[in-house]
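Let me give you the structure first, and then I'll get to my questions.
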Amino acid sequence: MTAFPPSLSRRLWGRSFDSPIILAGGTAGFGAELFVTDGGCFGGVAAVVSKSVTLNPRAGNEPPRIQETEFGLLNSIGLANPGVYSVVSQVLEKAVNMPCPLIVNVAGETEDEFARVVQVLEGSPVPWAYEINVSCPNVACGGLPFGSDPGSVERIARTVAEVTRKPFCVKLTPNAGSIVETAVAAQEGGAAGVTVCNTFLGMKMDWRTGTTLLRKKVAGYSSPALLPLVVARVWQVSRAVSVPVLASGGVARGGDVLELLAAGAEMVQVGSRLMRRPRAARELLQEARELLE
Amino acid sequence: MTAFPPSLSRRLWGRSFDSPIILAGGTAGFGAELFVTDGGCFGGVAAVVSKSVTLNPRAGNEPPRIQETEFGLLNSIGLANPGVYSVVSQVLEKAVNMPCPLIVNVAGETEDEFARVVQVLEGSPVPWAYEINVSCPNVACGGLPFGSDPGSVERIARTVAEVTRKPFCVKLTPNAGSIVETAVAAQEGGAAGVTVCNTFLGMKMDWRTGTTLLRKKVAGYSSPALLPLVVARVWQVSRAVSVPVLASGGVARGGDVLELLAAGAEMVQVGSRLMRRPRAARELLQEARELLE
Amino acid sequence: MAAPRDFDGIVTCVEGLCPGVLRIAVKAHDFAGEPGQFVEMEPSPDCFPMTRRPFTINRLLPGGFEVVFEVLGRGTGLLGRLEPGDGVRTLGPLGRGWRLSPGRWLLVGGGMGAAGFPFLAASLSEPPLVLLGASTSERLLHTGGDQRTITDDGTSGVKGRVTDLLGSVDLDAFSTVAVCGPLRMLKAVWTSLPDRHRHKVQVSTESRMGCGWGVCEGCSIPVPGGGYRKCCTDGPVFTGEELDWDRWSE
Amino acid sequence: MAAPRDFDGIVTCVEGLCPGVLRIAVKAHDFAGEPGQFVEMEPSPDCFPMTRRPFTINRLLPGGFEVVFEVLGRGTGLLGRLEPGDGVRTLGPLGRGWRLSPGRWLLVGGGMGAAGFPFLAASLSEPPLVLLGASTSERLLHTGGDQRTITDDGTSGVKGRVTDLLGSVDLDAFSTVAVCGPLRMLKAVWTSLPDRHRHKVQVSTESRMGCGWGVCEGCSIPVPGGGYRKCCTDGPVFTGEELDWDRWSE
């Protein structure tokens, strides 16, 4: 049960952490990028989630890939990544010196692909856990995300559970289906946690021309203004599942972290804010500590 | 096909309008409330949508019902309304002097209730059209909204189409299911339009105590920061259906109206902004006209 | 009753009454209003905050009005930064004010609840007796005239709550008891009044508002029978008997 | 290369170079950097805008740096309101700058693209020849030294595009051709250069950035083979041959 005010000391999958903050997938590279500043940007970081890894290399979407709107950010990266084989042979080793564990985020175009990617990742000792990103479109099913269908989510979780003994969480989508049902399905399938949630589908159109700056038109939208949407979903999901909930979305201030913990999250991810602030985790943790004093 | 920049002259269900702006359900009372200022607040208003009407009177949720967040507004009104019989016998007549048509918004707790409410409303000459609000929870199905299930949406539309020859649109929910599938289902069922969309589920929690100000905890969230979410959904839906799309959500400026029209909306509703600005329609239309000059 | 207008008022004067409490005068051509009515002011022309903030009319001015308010959160914080010459989008006058019946009135106010009393007192045919309570003397909003004060800390008048003053008043001398203040005070006053005086009570209520002009049903105040009335258009002033005191909470 | 830091710089000087173009000097203890590197500045400490804005280092100062930028949209609009004494959250130095090879350099710059040339010119072993283009004379960002200008309207130097100046230059005299400016200009320069000189080309690229420090993959620049490199950490300076000019668009 959550205590109020929530404690900043957390436990996830058998490990204890002094901070609830996890760096979100796609906004922290593969972890090695965080060494950019002297000493690295690991203050306040409980764990890092890598960008999404797929079976084959993906160049990603044609640029531009980023567009700011008045009150938010659209991204259309297109899961750019070197593919799981390169990741295992060349990329992961660069993260071994991180002072915190790495969670590798996994995406796929078919239900089977997720477990195949995890199977290859099992060849590396670096990943502590996996995050299964079912927000990506199920190409075989008209492009709706896997995460819109509880059956699909449960099957994916089950196949992943068969190939690894490491913990994994399923990162759910807010864009289709019932997030409570898909969370339950993920747990049924063997997930050790759920991430709630991901970017929301968004679009900005130039009304003068009917064109969009981002070529895929519809993109992923993130914004501190979405925090109440994430709080609601975290609260709903955390009462429906017994596995830990990792919140993701809308965090810009220390109080946001505390609110998501109060709503039932075990850990809180920070994405867009990290892009702006390499030391976002340290800053957020500091702000949260001051609020608790 | 949409022309760019979009025209502000629109057609809906056989009528022509000089303005695309419709006042959204639940933020314009039953229309008579708009006479509040001298001459009324009808400038720039193409049509008014009433608050949701149910079969039986509903007192609505226990107050408080409104909470502002840093970047948005939570509401938990609970479909307060005097019930369709009082609406027909006492309320609608007060709207007859409006210089624009009234669309009556209809809600229900069971699939059958919608058509029953419409049947009673057919006794009044006042409604020009109906808006069927399938965002409300389907009590028989664990509280997920009717609008999360295309089958349910199609059945509701079909039963409504059986009891009226007036045009009606279905107001879809962004909170569950696939909004494109439910839009198609509404059209299949006989809807003459779809409203995209409604408030998003949101919540604000006091992390110090774990309590929420609004007693129902989860509430409806509206914000200008949600505009990109609505633009994306309007764009997706308008390419999937042939009936007109009425956009609802996030409008605060004239440019927002134009963007939603460019994305494929035939008409644009304004809700929260109207609450703040009784003459929002006139102001938005004016701003849009200036942008087009 | 004057129909409300949505206008750009011009701030003509800002006066600090005590730390955190301000009086702001706004110039507004042809502004009319009745005691107990209120205005909805926009804290900022930006998108956020999304709603206005409601304030009782403190006084009418020739061609304008004054409000007195406490800086509490974001909205009043922004309004508190207004300076003479600034514009402030205002909607008003709104709501239904005091039912101005003849006879002598007893006004009972707590904290900012007394903000509307100067306008009310000036509109009565006889000078009222005013009972004022506040946490401390500097936070008493003086109405003028025949006025008795009480403070939580005893810095003005006796030490205690405004209900303590009620006991010493001969209620039979008053035709109306007008109450305004925090809900806890309203309830204390209502409870302490003998049944036979309750029909005289008028209460100025407060509620979190969405619109302030009757369209959103956000500002409900419970009434007997399980239903609600709108604070913004049915009120903010109700008779004590119109309210369901048991169901009424913050 | 100095590791980037995220610091609160203090604006020491703001100078309008021409309408809409500003030079801002920022005090930043121990700031180091190399020519072609950039900084990411926060337009506002508020939540919005959500991302910073990237600017080339125009000059290093003792204990600080200068940027020169054009006010275009919301971000530069906010930055353009900075005044001496204001703080500005800055991340830098970022990216990989010019590969400082020996020999004489030819610098070709268009519009704000020349903003980084003063720092580059000062870092070269020999004074470069600078070809500058702009829409009109007042918008030429002078680098100093041996400089030829051209403007769209003929108000400075000849009337025409910077590529028109290239024809009159003996490319064999230069070891490196450094190009920076709008994409259309970059492409025109690249296309107009004879094949045998293309290996000398270095290009300072621009891309819409999410982070500016390599984590988001938002700033892709196309490279041969169908892939992309990151403008922010692999660049912003690339050799001409590292780029896929055909796939490169705004």
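For clarity, chains are labelled A, B, C and D in written order, and residue numbers in each chain start from 1.
Please note the rule applied: contacts are C-beta pairs under 8 Å (C-beta built on N, C-alpha and C of every residue); 3 or more make two chains touch, one makes a residue touch a chain.
What you see is a predicted model, and the numbers here were worked out from it, not measured in a lab.
Enquirer: Would you kindly count the fewest steps from chain B to chain C, each step being a jump to a chain that touches the current one?
Expert: Steps on the shortest route: 1.
Enquirer: With chain centres set to the mean of the C-alpha atoms, which chain is at the far end from chain B?
Expert: Greatest centre separation from chain B goes to chain D.
Enquirer: List the centre-to-centre spacing of chain C and chain D in whole Å, with centres computed as mean CA coordinates.
Expert: 60
Enquirer: Between chain A and chain B, tell me the centre distance in angstrom, where each centre is the average of that chain's C-alpha atoms.
Expert: The answer is 33 Å.
Enquirer: Report the inter-centroid distance (CA atoms only) between chain A and chain D in whole Å.
Expert: Chain A and chain D have C-alpha centres separated by 34 Å.
Enquirer: Taking each chain's centre as the mean position of its Cα atoms, how many Å separate chain B from chain D?
Expert: That pair's centroid distance is 49 Å.
Enquirer: Spell out, as numbers or ranges, the residues of chain A touching 2 or more other chains.
Expert: 70-72, 223-224
Enquirer: Residue numbers in chain D touching 2 or more other chains?
Expert: In chain D, residues 47 touch at least two other chains, as defined above.
Enquirer: Would you identify the shape of the chain contact graph, picking one of line, ring, star, complete or other?
Expert: Its topology is that of a line.
Enquirer: Please give all chain pairs that are in touch with each other.
Expert: Final set of chain pairs in contact is A-B, A-D, B-C.
Enquirer: Using the touch rule from the top, collect the residues of chain B that touch chain C in their complex.
Expert: Answer in residue numbers: 26-29, 33-34, 36-38, 51, 59-60, 62-68, 70-73, 75, 77, 80, 222-224, 252, 272, 274-279.
Enquirer: Hey, which residues of chain D end up touching chain A in the complex?
Expert: 3-6, 42, 47-52, 74-75, 91, 207-211, 213-222, 226-228, 233, 247, 250
Enquirer: Under the stated contact criterion, what part of chain A meets chain B in this complex?
Expert: 2, 4-6, 69-72, 74, 144, 148, 176-179, 200-210, 217-219, 221, 223-229, 231-233, 235-236, 255, 258-259, 261-263
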